[in-house]
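Which chain is which? They are A, B, C and D, in the order written, and residues in each are numbered from 1.
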Amino acid sequence: MTRRRLLDEHEIDELVEAHPRWRREGDRLVAVFDFADFTAAFAWMTAVALISERLDHHPDWSNSWNHVEVRLSTHSAGGVTDLDRAWVDAVEALELTPRT
Amino acid sequence: MTRRRLLDEHEIDELVEAHPRWRREGDRLVAVFDFADFTAAFAWMTAVALISERLDHHPDWSNSWNHVEVRLSTHSAGGVTDLDRAWVDAVEALELTPRT
Amino acid sequence: MTRRRLLDEHEIDELVEAHPRWRREGDRLVAVFDFADFTAAFAWMTAVALISERLDHHPDWSNSWNHVEVRLSTHSAGGVTDLDRAWVDAVEALELTPRT
Amino acid sequence: MTRRRLLDEHEIDELVEAHPRWRREGDRLVAVFDFADFTAAFAWMTAVALISERLDHHPDWSNSWNHVEVRLSTHSAGGVTDLDRAWVDAVEALELTPRT
């Protein structure tokens, strides 16, 4: 397991500015996502699950029909790290619709 | 199991015009979808799986990384039916990105 | 939307006896599932998502790596109904491993 | 991208003996999986998708209701490599049911 580096205040501010859906809450990041319906929500969750497995970093999250809440931190580091930032960057860059 | 009605030539022409990704091939409909990467392709497949279970109608399909090929017909009816049309309409109406 | 019938005390007791993972908590059913890892947990969640879409009935649920918590009720009926029972029966009957 | 090592004949024989569902077909491995129904098949595919993303190695595969066919090779190496073996080992070790 790679040792992860905690982000400093400035880096967390930058992250939250770059991705307005996210905010800091104590020692973690939280965000809420609303979709057209359950199908869209769960398809997105599947994409996020794939990213999580690729990065070997998994959120605490909950779902209620079209609504998803995500809480993210690096437990082993006790806060928000560069790994959480990489995870948010990847999730916010998702392009799920067919290109052709 | 509801008896499904075969579409006539005119109805199939309309379907293919409404959804240009699709074409007729013998007694079935076929389409090809290309995505940004495997993650996007499989997330979309998950949405399509949910639609398929809701309609109790499932495609023959194959995937290779970002590429998905779909073949659709109603085996019990021996061709393309109103159920295939409902399936294509639902799949083509997917909105997978977060609304808020 | 079909009108759902609330289960009486006796029926809820029977449900909970038949499926020991589940218990009543106020006006809903709750259960906790632990898996080998995230992959197993999310694959199971996908099966449950498909059942939910088929029954047009969706849980409130949360996931943290290999752990899944499920809360189930029929909001429109204000409690646990025959639809929740059908959902639990279907989820508890899942057979996810290949047969051949 | 790590350079992958082609397996020799002896290693492929060992792999196929360890996992009887699999056989060699030309320069790739193939296997067929049958499940209880579409839900079980697609939940398993989701687990396999997560493994594939973790290993950054993806199959060519097709699905028809409860039936899944998988074709696996390392295109860049022109045959079956140690990466394919790691993929098959991981897929065959899947435990999808809840432990508790």
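Going forward, a contact is a pair of C-beta atoms (placed from the backbone, for glycine too) under 8 Å apart; a residue touches a chain by one contact, two chains touch by 3 or more.
This structure is a prediction, so every number in the text was calculated from the model and none was measured.
With contact taken as defined at the outset, chain B and chain D are each touched by A, C. Across the two interfaces under comparison, C-D and A-C, the one joined by more C-beta contacts turns out to be C-D.
Separating the centre of chain A from that of chain C, both taken as means of CA atoms, is a distance of 26 Å.
Averaging C-alpha coordinates per chain places the centre of chain C 31 Å away from that of chain D.
The multi-chain contact residues of chain D, meaning those touching 2 or more other chains, are 38-39, 42, 46, 49-51, 53-54. Judged by the touch criterion defined above, the protein chains are all mutually in contact, each touching every other. By the touch rule above, chain C contacts chain B in their complex via residues 46, 49-51, 53-54, 56. Here chain A touches chain B in the complex through residues 21, 32-36, 38-40, 42-44, 46-47, 50-51, 54, 94-100, going by the rule given at the top.
Per the touch definition, chain A reaches chain C in the complex via residues 38-39, 42, 46, 49, 52-53, 58, 60-65.
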